[in-house]
Amino acid sequence: MVVILKRGVTQEKKEQMVDWLKGQGVGVHVVDGEFQTVLGLIGDTRGIDMDLISSLAIVESVKRVTESFKCVNRKFHPEDTIVRVGDVEVGGGNFTMIAGPCSVETEEQIVEVAKAVKAAGANMLRGGAFKPRTSPYDFQGLKAEGIELLKIARKETGLPIVTEIMSASSLPLFEDVDVIQVGARNMQNFDLLTQLGKIRKPILLKRGLANTLKELLMSAEYIMAGGNEQIILCERGIRTFDDYTRNTLDLAAVPMLRELTHLPIVVDPSHATGLARLVSPMALAASACGADGLIIEVHNDPMHALCDGAQSLTPEQYAELAKKVARVREAIRP
Amino acid sequence: MVVILKRGVTQEKKEQMVDWLKGQGVGVHVVDGEFQTVLGLIGDTRGIDMDLISSLAIVESVKRVTESFKCVNRKFHPEDTIVRVGDVEVGGGNFTMIAGPCSVETEEQIVEVAKAVKAAGANMLRGGAFKPRTSPYDFQGLKAEGIELLKIARKETGLPIVTEIMSASSLPLFEDVDVIQVGARNMQNFDLLTQLGKIRKPILLKRGLANTLKELLMSAEYIMAGGNEQIILCERGIRTFDDYTRNTLDLAAVPMLRELTHLPIVVDPSHATGLARLVSPMALAASACGADGLIIEVHNDPMHALCDGAQSLTPEQYAELAKKVARVREAIRP
Amino acid sequence: MVVILKRGVTQEKKEQMVDWLKGQGVGVHVVDGEFQTVLGLIGDTRGIDMDLISSLAIVESVKRVTESFKCVNRKFHPEDTIVRVGDVEVGGGNFTMIAGPCSVETEEQIVEVAKAVKAAGANMLRGGAFKPRTSPYDFQGLKAEGIELLKIARKETGLPIVTEIMSASSLPLFEDVDVIQVGARNMQNFDLLTQLGKIRKPILLKRGLANTLKELLMSAEYIMAGGNEQIILCERGIRTFDDYTRNTLDLAAVPMLRELTHLPIVVDPSHATGLARLVSPMALAASACGADGLIIEVHNDPMHALCDGAQSLTPEQYAELAKKVARVREAIRP
Amino acid sequence: MVVILKRGVTQEKKEQMVDWLKGQGVGVHVVDGEFQTVLGLIGDTRGIDMDLISSLAIVESVKRVTESFKCVNRKFHPEDTIVRVGDVEVGGGNFTMIAGPCSVETEEQIVEVAKAVKAAGANMLRGGAFKPRTSPYDFQGLKAEGIELLKIARKETGLPIVTEIMSASSLPLFEDVDVIQVGARNMQNFDLLTQLGKIRKPILLKRGLANTLKELLMSAEYIMAGGNEQIILCERGIRTFDDYTRNTLDLAAVPMLRELTHLPIVVDPSHATGLARLVSPMALAASACGADGLIIEVHNDPMHALCDGAQSLTPEQYAELAKKVARVREAIRP
């Protein structure tokens, strides 16, 4: 940690500060510049409160030298983490195609979509049973019943299932789910993250609407610090002033996260754009910049979907896209 | 709801669309313009999926005419809601001063701060027992013990207590708390909101980091639709590209929300700026534009606060501020 | 245009409003809904002031039905515009590779880079002569001399040259430049746009740091309304709260603009990310989602570049990237 | 400047780096931490390219210790700057009320508004002659004629006049203008800023739509580095994801800028909100947090204003507001 003192601080104040810092258990190295003095803090500075120090009258600013995330940090774990979901491997050079409807609606619907996306090359099935909706008057999902329908679809197709959790209190219902998704609005629901750290099941963690990459990694750190190391990160668009698309898909997050962490990174172009006709181009772009997989909404009848029909592909469109994704993956091979 | 069709749509497609909409139970009024056709939907359109319609090939765009929030809407409830907390009335022309430390640390600390803020004019005590922290390695609050200490401080001073909840599963611990706070990161934790709708206790709902006023109102609607009508809204800064302050305090939200809803609106200048020296000017500004109250961090020893010391006022600074706030309130009287 | 009136407006006020609107030369169609009344305005509404109407006491909100951009609108000009720069065609299915250093520094440097990028497959040379810098103390470019050096490089390689203009007053210096670039910070320098509308030379118009796609198109409309139809749009990243990358590259802008306009769209991954190691993945992503070309910073000695060395590729890295871009372009062919 | 090296850098590389830095003319102080090494650069580091250094393979990150703005920095000029405009003093504890219509329309209109705002307590008159408009089809202002009309209004009332410039080429027309305004969209029109640095006339510099405080100060530095020290800064709202107001007024900028610079800071609540009914509360808030003045749109007939009528106050509303502003100013007196 580096502490920059204000111009013209007296020698006495400086020494008091140094003593106080040493009292916190860190070494202090003083660098006197022409205009200002910089203190270099040596040792384990994780317990030092940056905000507090930066508020002191004699301090200009403070900068952390070491990142505050550790378990998820590639520096301390250089090899790619591979998350295993049944026979499917996520990360480490594999490419995972997760697809399915926004909401599970009926047995017929989910089984039909599952078969269609499997035929098109998907290797995991997604479907919402618990639906976070902005309005209390909108369809909230089939809940427990939806999970049962997903299991039927899994039985029929062999595809592992991914579905979203909205509260730790419903964890018992997720016991037989293959991957538990944490939605964007719950990325900083620290209570939920802590509970998910205690189980041993893969978590698909979506980036929040206006969260930085560092915050996403800190949320993954919450889960990992609890002992659950099976985490898949998901970029799904951030909120900007954009007028035509629902969110702004931040694809540079893919190579940036690749550097910062060993965890796999998938992209959700459906929620990022909110428009079915933009899903294919953005899915191809995500593949081209090195994503480990795609999570895409597919519905056999988007016109009558109970939610988010606007951004769903038909099975035919998805099959077409899957072929192109494979070609793009081939094209970027080193 | 208004549906704008694309240029050059055939008469046949237009009629199909109109029929389909009528099948959804709404009346349809067709307005043929020079360039484009507009459909006016009449009746209860809350069940109509805007996103779905806007994704249809022949549709240019869709606009809701009636807001989707109802219980919290001033249109349907013109008088100010007054939230009663013991003897304190929030809203309806009253001004509420909530103050206290970021975290409850010890009995001595919380009782001392409670007495100090009471002496300075505060009429409610805040203090964090459950602390949402970005990092799993940061201090997470005293939890149940913290709530007990708050109760002791209440007993000593008579001040009602406000403290944050992080999960519906800890609701039993909040039974004797006066106002339950929902933090910015949980503003769209819909499961929590739903549970809070079932109790009969005032809720202080903070605006999320990157949430619109409409989303804030929809979250209040979640609570109110459940039957709990005692809600206090709180503006606490939004995330922008800002470099010097932690967040951007959006004070125009105060008069704007005043128009849209009958619920009281308080402002938190401490979290909004993250800097103790900006708290007073922003508190005065909030008072000048009509806020119903202020929630401010005060600590008897900010240098040693376990969290957010950087943004805490001392009791002396708070007492000084409280006097100026009263003068500003007087100055804007009509 | 659609005007939505507030609930409970009297018949008299409504009629006054309708009369006033008719007096502005438009037809008015009244749709009375259960809760609210909607007025549909028919005819040429471009002269109607939306902001003014929405401020009237009886008006709830106003929505334009027809976009305010016209010349650049694909609706009125369905075929792709092809911008011709010497032998190079931009748009209409062609792919344009523009490359070169951030700043022109010396004859040796610009000629060497020009040869290198040409050998790697670039078909246009970029180089800054006038440099917009945040600080008045930073290097501001070689100005007139820089343009002369670019012409020498063009003579040596045959590559057309692209360089940025900062003021209409320097237009005479750009007479022999092939493409004039308008930088992000000047996207809404309306005086400059108006002057560029009067010449007959291709303009490369960069999206502003925080401008919407609609504003980008309105700025192109400024140029086109003046009679200059040779415009290339450029997405170069927008400002968000991002911590690791300089800007957020908004690639969904590519397919979205494709729908809205007939103008070609190129992408600048160098300024968007600010980091050389992110340029290649983002260039591949841009190619995969259908961009018409790439503008990339290349320097023979990034370590000693006078500006933005941090985001420059070496000629070797660029040659490698160019090969992959060609493969990705092949992969997405329908 | 502080350079943080990556973990595990070899001694040899570190020494090369230190030598290279010394070659750039700065002293280097090495601090070896447990995990990482920090280099403290001593001396004049303004010529060192931070971006370049941060791109080096062995560098983790770089941080400037001294701000890059100097002339405008309060550190080097602790006393408030007072800008003198005729008899009016801006800054240094004075409060300036600038008011007038968005656009100058006719002699009658501008003279009438000028008299009305003077009677209400304004001490400067604003009015747009050159209007930056998003659309080329919107009213662009009366230009030279508008400036003539402003001079007539000045003659009639004695109020100094403030009006916006859009290009350095029209500077001759502004010779007899009292304060030249640089609009938000031109805040980084560096060519214009450079020209304005050469004249000796007060400049009112508005913050750009998505510019940081540091960038605003750097733009002021451009003008000041040229020798023109008469600058008034203006906060006028920034762009966020907001739905109900046009922009987000960032009032914390007022006390923050107060710390960073000695220049006066005024607030424009009209453009910040875009809604006449929010202007008064936000003007009072700006006064309460210490602004040096207000620039407000007033029109005698907002319903028929040629532009931005939606956000204009009537003279009566302005007079009412001016009284309250005076009371708030009184209330916050120390």
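Going by the order they are written in, the chains are A, B, C and D; count residues from 1 in each one.
By definition in this document, a contact is a pair of C-beta atoms (placed from the backbone, for glycine too) under 8 Å apart; a residue touches a chain by one contact, two chains touch by 3 or more.
Model, not experiment: these values are computed from the prediction.
Peer 1: If I average the CA coordinates per chain, which chain comes out farthest from subunit D?
Peer 2: Centroid comparison gives A as the farthest chain from subunit D.
Peer 1: Only C-alpha atoms count here: how many degrees separate subunit B from subunit D in terms of the superposing rotation, rounded to the nearest 5?
Peer 2: 180
Peer 1: On a C-alpha centroid basis, what's the spacing between subunit A and subunit C, in Å?
Peer 2: 31
Peer 1: When the C-alpha atoms of subunit B and subunit C are each averaged to a single point, how far apart are the two points in Å?
Peer 2: From the centre of subunit B to the centre of subunit C is 38 Å.
Peer 1: Give the residues of subunit C that touch two or more other chains, as numbers and ranges in rising order.
Peer 2: Residues 210, 239-241 of subunit C each touch two or more of the other chains.
Peer 1: For the protein chains shown, what form does their contact graph take: line, ring, star, complete or other?
Peer 2: Basically all the chains touch each other, so complete.
Peer 1: Enumerate the contact residues on subunit B facing subunit A in the complex.
Peer 2: Where subunit B meets subunit A, its residues are 46, 49, 51-52, 54-56, 68-69, 132-137, 166-169, 185-186, 188-192, 194, 209-210, 215, 218, 221-222, 225-226, 239, 274-276, 302-303, 305, 307-311.
Peer 1: For the complex, which residues does subunit B have touching subunit C?
Peer 2: 2, 4, 7, 29, 31-36, 38, 40-44, 60-61, 63, 65-66, 75, 239-241
Peer 1: If you look only at subunit A, which of its residues touch subunit C in the complex?
Peer 2: 210, 212-214, 238, 240-245, 248-252, 254-256, 259-260, 272-273, 277-278, 281-282, 284-290, 324, 327-328, 330-332
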